[in-house]
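The following pair of complexes shares a single chain, chain A, combined with chain B in the former and chain C in the latter.
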Partner chain A sequence: MDSAAINPEDRPTKIDVKSLTKRFGDLLVLNDISFNVAQGEFLAIVGPTGCGKTTFLNCLSKLMPTSAGDIFVDGEVADPKKHNISFVFQEPTCLPWRTVRRNVAYGMEIKRYPKEKINQRVDYMLDLVGLTDTQDLYPNQVSASMVQRITVARAFAMDPDLLLMDEPYGQLDIKLRYYLEDELIKLWQTLKSTVIFVTHNIEEAVYVAERVLVLSNKPTKIKAEVKVDLPRPRKLIDPEFVALRKQVTDLIQWW
Partner chain B sequence: MAYEAVKVKKPLTLILLPIISVLTFFLVWELIVEFDVVPKTMLAAPTQVGDRFIDKLSDPNPDGGTMAAHAWVSAQEAFLGYLLSLGIGLPLGLFMGWFSVVRGVARPLFELVRPIPPIAWIPLTIFWFGIGLWGKVFIIFLGGVVPCVINSFVGVRMTNPTLIQMSRTCGASDWQIFTHLCVPSALPMVFGALQIALACCWTNLVGAELLAADQGLGYMITMGRRLALPELVVLGMVSVGLAGALIGMVIETVERRLLSGIRR
Partner chain C sequence: MAEKVEAIQGLKSQDRSIADEVQQAVREKKPLTIRRIITNEYFLNIVSMIAFLLVWHYAAASGAFSGALCTPWQVVEQFRNLMTDTLAGLTIWGHIWASTQRIFIGFVLASLVAIPLGLFMALNPYVDAIVKPVFDIFKPMPPIAWISIAILWFGIGEPSKIFIIVIGTFVPCLLNAYNGIRLIDPEMYDVIKVLGGRRRNEIIQVSFPASFPAIFAGLQISLSSAWTCVLAAELVASRSGLGFIIVQGMKISDTSMVIGGMIIIAIVAWLTSLLVMGLEKLLCPWKRGIGDL
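On to the complex of A and B.
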């Protein structure tokens, strides 16, 4: 709880996004976006449909080159080979030929961590997300929610400098989503990772994040920043929560 | 453990139907020959083929080799050609799928050579290798290599792009993505290639032996024609068919073991 309890402004900056710009030909998608993420902060990003969230994430994760500006991790230009950047995609990205256990180990194997460290870390993560019993099964033998937990576990297992999540629970039903959001918060509090969580679900954003960035329509800019300083576990019917949710909803309205 | 595999019992009809269909096939065949619907000079009855088979187990006449000798020669040729086509075709196809340099160099040449039927190579092959073992291995290789390249190429190209992105964000190098992602993704297609290539190899084996051989199952078929012994021809055909089916079954078993995670 400790790092989460401290005000994000008082923590050192982990991620520094400087005038991030992306053009596809004449189409300006991302227009000079700058912001910071503190060490161990949980940041949510919401925006209207088609505002370039996916492009934004692809640039942040360095999957796509930027037209101008860059992303800095601890003051250095972000590089997936050097930094640990994890990405949880909306669609499940388990490798079907690996067991649950070896899926969780995948990122660390790519980074060539020593075997013992991988084993230790995988045991720990499997225990945290409750997949120890199913570790020897293949992804097609477990349920859809477990599949997404595998990818979340894999992402956290790498001890990421930056963990990007692209609507990871968008395809799950609401009960499971609540459950997994709580699990995500627990993981984040335990492992103190720096998370950027992109979603179109405003309630979800306000529920999980410490701070919410609201994006504008294309060309995308940061329209507003909303701090969510509510105690956890948060209650969806708490008047303060409802007020914040309404504030973000009003900001996002484009009609 | 709480997660136990469920055993499904196969209904009796599903076990019996294949047996019945095969038995009926042979019975009708036997009757057709027996009642002279087709003259005996043109087709041999299964019982005749069986008699000839028992003869050929020990008697090298009239075509100069026992069953075992013919089968052994053919098996050698087929396996060498098959292994060669796998050994060259699969890596080539896999590399072509992922590395654009390999694709750029090899694709045009491959597309040029591909449409030439392997049998068209027989004259050149006889110039180069004579009618010995390696000439036939070469023809068989040419037949098997094409499906190997195509299937493994397509298999790699079908790798889920999101998985590639995921690996990139993990910091994976091109080579790591190839070995950790593209190759296992391509495996179902590669196993398809094993089956198709085997069929091609086996087909071309007979083709090669028909024209240039002094031993082997294909040669036995040719001799059957020359000596007007239809049961010898049919025996050769049946042996080729049975051996092909047997190897196919072995490959399928291996495939099922290895790909348990990918199959749904």
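On to the complex of A and C.
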């Protein structure tokens, strides 16, 4: 809880996005987006469907070159080879030929962490997300929620500088989503990672994040910033929660 | 929110028991009734086999095929003879081995060249651009069309038969290895790219393992193509092999020998495909289903 207790403004800046712009030919998708993310902050980004959320994430993760502007990690231009950037994709991206355990270890293997450190870290992560019993199974032998839990564990395991999540729970039913959201918050509080969580589910954004950025329609800009200063665990029927949710919803409807 | 908490608490135990429940449902015992016996899968399998043999027997006994069809029993007798008597110096085991050996050599030679080449083509656009046009010329040619040229080049000995098998197995091996890599979900690579991985990581960690199932599917197709090819080659010119037995039977008008040869081919081809399947299970353990837990 300690990192969440300090105001995000008082923490040092971890990620600095400076006038990020992306064009596809004449089509301007991302229009001069700038914002900061503090060390260990949980930031949610919401926006109307088709506002360029995926393009936005692809630029942030450096999968796609930007047309102008850049992303800085600790003051340096972000580089996947140097920085630890983790990505939890919308579709579960477990490797079917690796066991649960080796899927969690995957990111660290690519980053060439020493074997002992990987093993230690994997044991710790498996325990945190409750996959220790199923570690020797293959992804097609575990349930859908577990598969997404594997990719989340893999992303957190690398102790990332920046963890990007693209609607990771969009395809799960509401019961599992609630459960995994709580688990995600627990992981974030324990491991103190810097997270950018993209979703179109407003309730989800207000439930998990410390701060919500609302995107406009294309060409996408940041329309508003909403601080969510509610104690955890948050309650979906708390009047303050409802008010914040309504505030964000109104922002999205007003374009 | 009590509901939510309850739901969450219920989840953990539910997750683990899904597989057990499925297994239990399958294994649950029901009382034995006539209806259950009649609708039993294995019972119906046996009924269908017996019916088939009876129809065959009566068709043969009635002389409807003007004596050119033997009864099932005659085929069994023929098996017994072939096991002890020799045909062109070999018992039935010798002939089975002759065909299988050809298949094995041709199959291994073709897959050793075709699979790496297919992988290379899929991974490197330059290799693809160079090999593809030539390959596309040969692709639609039925392998049996090569028999004449094979005999002119290599004579009627072993090399010409192995050549035909190589030709017949090469195309499906290459195509499946190629498509196996081409059809990989690009997000599998994105995971590595985001992590700053190199091209080498992508190939070793994703491309190769992801193409395994497709390669094995190609090997199965190749295998049945190999049996077609070896038979065609043996039917044309040979002194050994299962195709030779069939030709021999035809020459002396002994249908039991022809049909016997056909049945043995079916059995041996099935056994070799089991072998490839077993190899796949060994090399692709992740393809196990929930039932194998």
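Convention: the second predicted complex is superposed on the first by the 253 of 255 C-alpha atoms of A that agree within 3 Å, B and C clash if a C-alpha of one lies under 4 Å from a C-alpha of the other, contacts with A are read in each partner's own complex, and residues count from 1 in each chain.
Throughout what follows, a contact is a pair of C-beta atoms (placed from the backbone, for glycine too) under 8 Å apart; a residue touches a chain by one contact, two chains touch by 3 or more.
Keep in mind that this is a model prediction, so the values were computed, not measured.
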| item | value |
| --- | --- |
| Simultaneous placement of chain C and chain B on chain A, clash or fit | clash |
| Touching partner for A:170 - first (chain B), second (chain C), both, neither | neither |
| Touching partner for A:235 - first (chain B), second (chain C), both, neither | second |
| Touched partner set for A:95, first chain B, second chain C, both or neither | both |
| Touched partner set for A:85, first chain B, second chain C, both or neither | both |
| Partner chain in contact with A:178 - chain B first, chain C second, else both or neither | second |
| Partner chain(s) touched by A:141 [first = chain B, second = chain C, both, neither] | both |
| Which of chain B and chain C A:69 touches, first, second, both or neither | neither |
| In the superposition, chain B vs chain C on chain A residues touched | C |
| Contacts of A:130 with chain B and chain C, given as first, second, both or neither | second |
| Common ground on chain A, meaning residues reached by chain C in one complex and by chain B in the other | 61-63, 79-87, 89, 91, 93, 95-99, 106-107, 110-111, 133-134, 137-141, 158, 164 |
| Residues of chain C that touch chain A when the two form their complex | 1, 4, 7-8, 11-12, 15-16, 18-19, 187-188, 190-197, 201, 205-206, 209-210, 212, 284-290, 293 |
| List of chain B residues in touch with chain A within their complex | 1-3, 160, 162-163, 165-173, 176, 180-181, 184, 187, 259-264 |
| Footprint of chain C on chain A - complex, ascending | 61-63, 79-87, 89, 91, 93, 95-99, 106-107, 110-111, 130, 133-134, 137-143, 145-146, 158, 164, 175-176, 178-179, 182, 235-237 |
| Contact footprint of chain B on chain A as seen in their complex | 61-63, 79-87, 89, 91, 93, 95-99, 106-107, 109-111, 133-134, 137-141, 158, 164 |
